[in-house]
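Got a structure for you, written out below as C-alpha cells; questions coming shortly.
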C-alpha cells in the first residue's frame, strides 16, 4: 500500500477529537446547533478572534460553506470576484452559479489577487444595469497553491472592499496552515477585524468534518440560520460539529496540528531543494509543488501517491504534495530518503 | 436535568458505530466517497434491497438528500406532490423551491396520501403549459405522524406513478422504524423494487450523521455525483458516512436499534392506553401522540421534555413522544410510573 | 367563425394606441426604457396615483411582472402568500418557485383573502428557521374570479401587512376593470398609498402588450433595473411600452376601455338573470360565471366560444364569459338574443 | 437633435410591419402563441431553413431567448461555453447564472471562438464531478464585434460539438445582417442543419420586438412551451410576434432590411478608409469600429451620436457605429461629408 500525499483528508480525526466524541456520546443535547458544545465553540471562537459581535455557524464542508455564505449575502443581481484558481471558480461543479450568482475569475498571482485586478474587472462592468454588479470578493488563505496573504495584503484588500462597497469573504479551509506558516504575520484576530466573513476549516485539520463560519459584518448575520436549513446544512446532530471545534480550539490543538503539517512539508521542501529542485511557487504551508522530470516522478510513485499538478514541458511537471496533522516523522524520513536517491 | 422525548437525535452514535470509527481512524482512504468503506456499504445495501443495479450515495442529512434528489431528477418545469404534512412541504425552509421546483401539498390521511388524491391534483392542472407539470410523488415512511404504509399501499402508489409517468421517491429518514413496526408487512427489498429512489436514514437510528440515498431507476442514476458536489454534500472524508453505514448494516444492528426504539414507544403507548388515554393517530413506530389535558401535560413536564404537538380544544392537546435506539428500559419504567400516577 | 368570449386579449390594440405607434415610429429614441415616452408615462402614472416618490417600470406581461417583483423583493428564505386561485399559485407554470421562492396558497373566498387567513398560515410556520419565512402577500384586483376588493378590505390588508412586516403586492392585470366596476370604491391613488407595489395591466385593456409596475415602497426600488434585465424583461425598444401607456393614460382612455368591458359584461349578466340563471359568484367586472345546464351550454356554443369553468354537478356547470374594450354592442345584442332563447 | 448611430433599435418598426398589425388588429385570435399568424410564421420559417422537423417559438427579446434556451436545454450541473465577448457572458446582468448555470468565457478572436479553444477549456475540467460539465457552445452571428462565421467555421464547430456531445446554439439577434454581408457564404438552411438551436432576430431588423427561436434538435423540443411560460415569455397576444415575423419573412423583407443596414455601414467604412482610417476589426455587417483620435471623435460628435467602444492608447479610440434598416441615404451622405472633413 502506497502512502498518500494526495490530500490532507485521507485519515479520520485526531485522537483527541475522537475521544471527545466518545466522552460526550450519551449526553442528551438539543438538535440543530443548539447543543451546549456548539454554543461553547461559538464563544471560544469569538474570544479567539476578539470580536464579541461575530456570529458563528458550524457546517460540514467547504463547498457548503461557500455556497451558503455567498447566496445568503448577495441579492440576485450581484456577483462575486474570485482568483481564477479559486475553489468556487473551478472546483465546485457550479455550486455558486446554481444559487444564481455569477463568479468572475480573474488572473491569479500565485493563487492571490489584489485591488488593482479587481478594479480592472469592475471598470469593465460599468454598463449598468446590463452588466452584473460586483458585490463580493472571495479569496482563500492559504490559497489553492499553498501560498498565504501577508497582513498588509489582507488589510489593503479589506480597505479596498470597504471603499468600493464590496464584501470580503475568506475561504479558510486551510486557515490553520496559513496562520502557522513561518512567513505568516496575520493573526486570527485580524480575520475577526479585516473580513466581512470567513471560515475556519476543520476537515483538513484534525476534524472528521466541519468548517466554522464566522460572520463579522453584523448586517449579514441576520436570519442566517434559514439559509443553513434551506441548503441542507443544518445537522440534526449539530453536536458532532460543536464537540470537534470545542476540542480543537479550547487549547491550541488546532494550531499545533496545522503546524505539524507545515513542518513536515517544509522538511520535504528542504530535501527537494538540496537536490537542486525548483518549485511551481514558493510555499510555507502544507502544500508544495516541486518540479520533477518524468523519471523522478515514476520513481517516487513506486511507494508514494500524489497528484501530477501541471505539465510544464515535454520533460518536466510540477507535482503536488500535501501533508497533514497525521503525517508522521517516520513517513517523512522514508520519503526524504527516496528524494535523496532521485537522479 | 429532564429526560428528553423530543426527538430521536438527542444522543451521539451507537457505541459500535463509534468503535468502528476508532478502529479505522488512521487508515488512509480516498476522499469524496471513493473510500473502501463507502464502496462496501454500497454493496451491502444493494444486497439487502436485492437490486444489483441500484446506485447508492451517502449524504449527511435528510433535507440535503431531499433537495439533491428532487433537483437532480426534475427538469425546471416539473413539480413534486407531497402530503401537506410532508417534511419537504412544511419543514425545510423552502429548500425544494430554492432549487426551482414547486411542491404541491395535498391533504394527508394520518400522514399518508393515495392515488386518488394525487389524481385529483393532476386533474386540476390540465391547462398545459400554463400550469406546472407534476412529475414526482414524495412520501415518507414512517411518516411525520409515525404511521406506516402497508405493502399494498406502496405497490398501489408505485403502480399509479408508473401509469402516470411519475417518479416515486420515499423519504426514509425513519425507514428502519417503519420496517420493524409490528404491523409492518414491507421489506427492504420492496423498496428496491417499488420506488424510483428512497433513502435509509442513519441520523435518527444510531449514526452520528448520514442518510443512504438509493436510486433504483437507472435513468436517474447518471451523473448524480455532480449534484452531490454542487449542493455541497460530497464530504471530503466520505469515509465518515461509509464506516457508519457499513457498521449499521453489515449485520442487523440497524434493525435492532429501530426495533428497540419502537418497543420502548409501544410500552409508553400501552401505559397511556391503560389510563384511558386516546391518541391523535394510532402508530406502531417510535413516535406516539397521546392526547392529554393541561394538568397531565404539566405534571409529565416536571421530569420529561417533549413537544406539545397540536392543541385540540380548550382543555386537551396531543403531545409528541419520540423514543430512539438510546432509550433505556430504566427511563421507560420511570416514565411509565409517572404516567400511571396521572389523574 | 364563432365570436370568442374566452378572454380579453383576442384582439390587437385599441386604434388610438396603434395610431400613437404610427405617429412616433421613426423618431429615434434611447433604448431599454430610457425613451421619452416611457419617461413621460412614468410621470403620468406618478401623478395619477399621487405618489411622487413611486418608481415605474414597464414590462411586457403579467407573469413576467410577478416573477420579477417577487424575486427582486424577497431574500432567498422568504415566501409569498397567495389565494389558492392566485395566478402565481396555479397558472404560471412554477414561475415564482423557479426563482427560488415558495408560494403558499391559502383558501380563497370568491378569489379574495383576508388578514385572518394569512395569520393562520403564519401561526402554522413558527418553527424558525426550519419553516420558511412569510414576507409578502399577493392579491389580484380584480381577482381571477372577477371580484374586487373594497377600500376597507385593501386598507385592512395593508395595515395587517405593515403590522406583520409583510409586503403587499397587487397584481393589477385587470386593475382598470376593478376601478371602473359599479360597486368599486377604490381609487388609483389608494393603490399608490396602500400597497408596496402593484401593476397596471395594459395587455387586457387596450394595449398590444404591457404592464406598468409601480413600486411605492422606496426601499424596494433600488437597483430594480438589474432584475428587469436579468429576467429578460428589458426591451431594446422600450418605446413600444412607453408609447402605449402614454396613450392609454394621458387622458382617460384606459378607464373608458375598462368601463366598456364591464358594461358589456353587465348586460350579459342581466340577460342571464332575467332567465333565472344563477352565478358562481357575483361580479361587477368583465368576467361573469353563469351556471348553465349542458343543453344550454351546447346551444350557446353554436355561435360563441367560451370556457366551461367548473363542473358543479351531473347537470350543471359554470361557464366563464369575458368581455373586453373591443366587445361591441352589436355582438352583445346578438348574444343576449341567444340567451333569451335558451330553455 | 443629433442622429444616433448608437444602435439598431432607435426607431420603431418597418412601415410594412406596422401596416400588417393594423390590418389584422380586430380579428379575434387565440392567445399564447396559438394564433394563426404565429402558426403561419412557424411554417414559413421551417420552409426557409428547410427543416420540416424544426420547432419555432417566438419571444420578445434576445436575453429572454438566451436564458430560456439555455435553462431549458441544460441539466443543473451543465455549463455553457461562450466567447468572452459573448452577450450572455458580459451583457445580461447574470441572466444565465440566475437560472443556475455557469458560463465559461473563453478568449475571442474578433468575437469568434474555435474548436481548439473550447477543447482547451474542456481539458482543464477533467476532474469530474468536482468540476462542472460543459454541455453547450454559444456563439453569435454576426458577433458582438460585427464579424461573421464562414460556412466552414460553422460546420467545423458543429462537427466538434457533435463529437464532444455538446449542443451548438447560435444567437442570431443580427443573423439577418450576417447572412446578407458581402463576404458571407452561409445560408439560412445551414442554420437549420448545423446547429441544435438558433434564433432569428426581429428587434434589430425591422420588428417592434421579437426573436424567433428555432430548435432543430428534436430531443430538445419537448415541452419547451413550459419554459416560455415559466420565464414570463409567453405573450397573451402572441399575435404581435406572429404577425411581425409573418410579414418580415413571407417575402424577403427581412433580408432586404438587413442588406440596407449593411450597405449603409459599408459606405461609411469606405469613407473612413479613404481618409486612411484603421479599424478595430474588419467587418462587413452593420457594425463598424473605426479608430479615431480624440479631435476626430469630438468633431463627429457634434451632429452624431455613437459609443466610444475601446480606448486604445492616450490618443486613439475605436468608436462603434451601427446602421439599421431605417438608416437613409440622406443621413449617410451627410455623415460621409463630415468624415471627409475630418483632419
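By letter and in written order, the chains are A, B, C and D; residue numbering begins at 1 in each of them.
By definition in this document, contacts are C-beta pairs under 8 Å (C-beta built on N, C-alpha and C of every residue); 3 or more make two chains touch, one makes a residue touch a chain.
Just so you know, these numbers come straight off a predicted model, no measurement behind them.
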By label, the chains that touch subunit C as well as subunit D are A, B
Longest centre-to-centre distance from subunit A, chain (CA-based): C
Note: subunit C sits from subunit B at a C-alpha centroid distance in Å of 42
Taking each chain's centre as the mean position of its Cα atoms, how many Å separate subunit A from subunit C? 51
By residue number and range, which residues of subunit B touch two or more other chains? 76-77, 92-94, 98-100, 129-130, 132-133, 226, 229-230, 234
Touching subunit D in the complex, subunit B uses residues 32, 71-72, 75-77, 99-100, 128-130, 132-133, 223, 225-230, 234
Within their complex, state which residues of subunit D touch subunit A. 76-77, 79, 90-94, 97-103, 124-125, 127, 129-133
Listed in rising order, the residues of subunit D that touch subunit C in the complex are 1, 3-4, 7, 9-13, 15, 18, 21-22, 24-31, 60-68, 92-95, 98, 203-204, 208-209, 226, 229-237, 239-240, 326
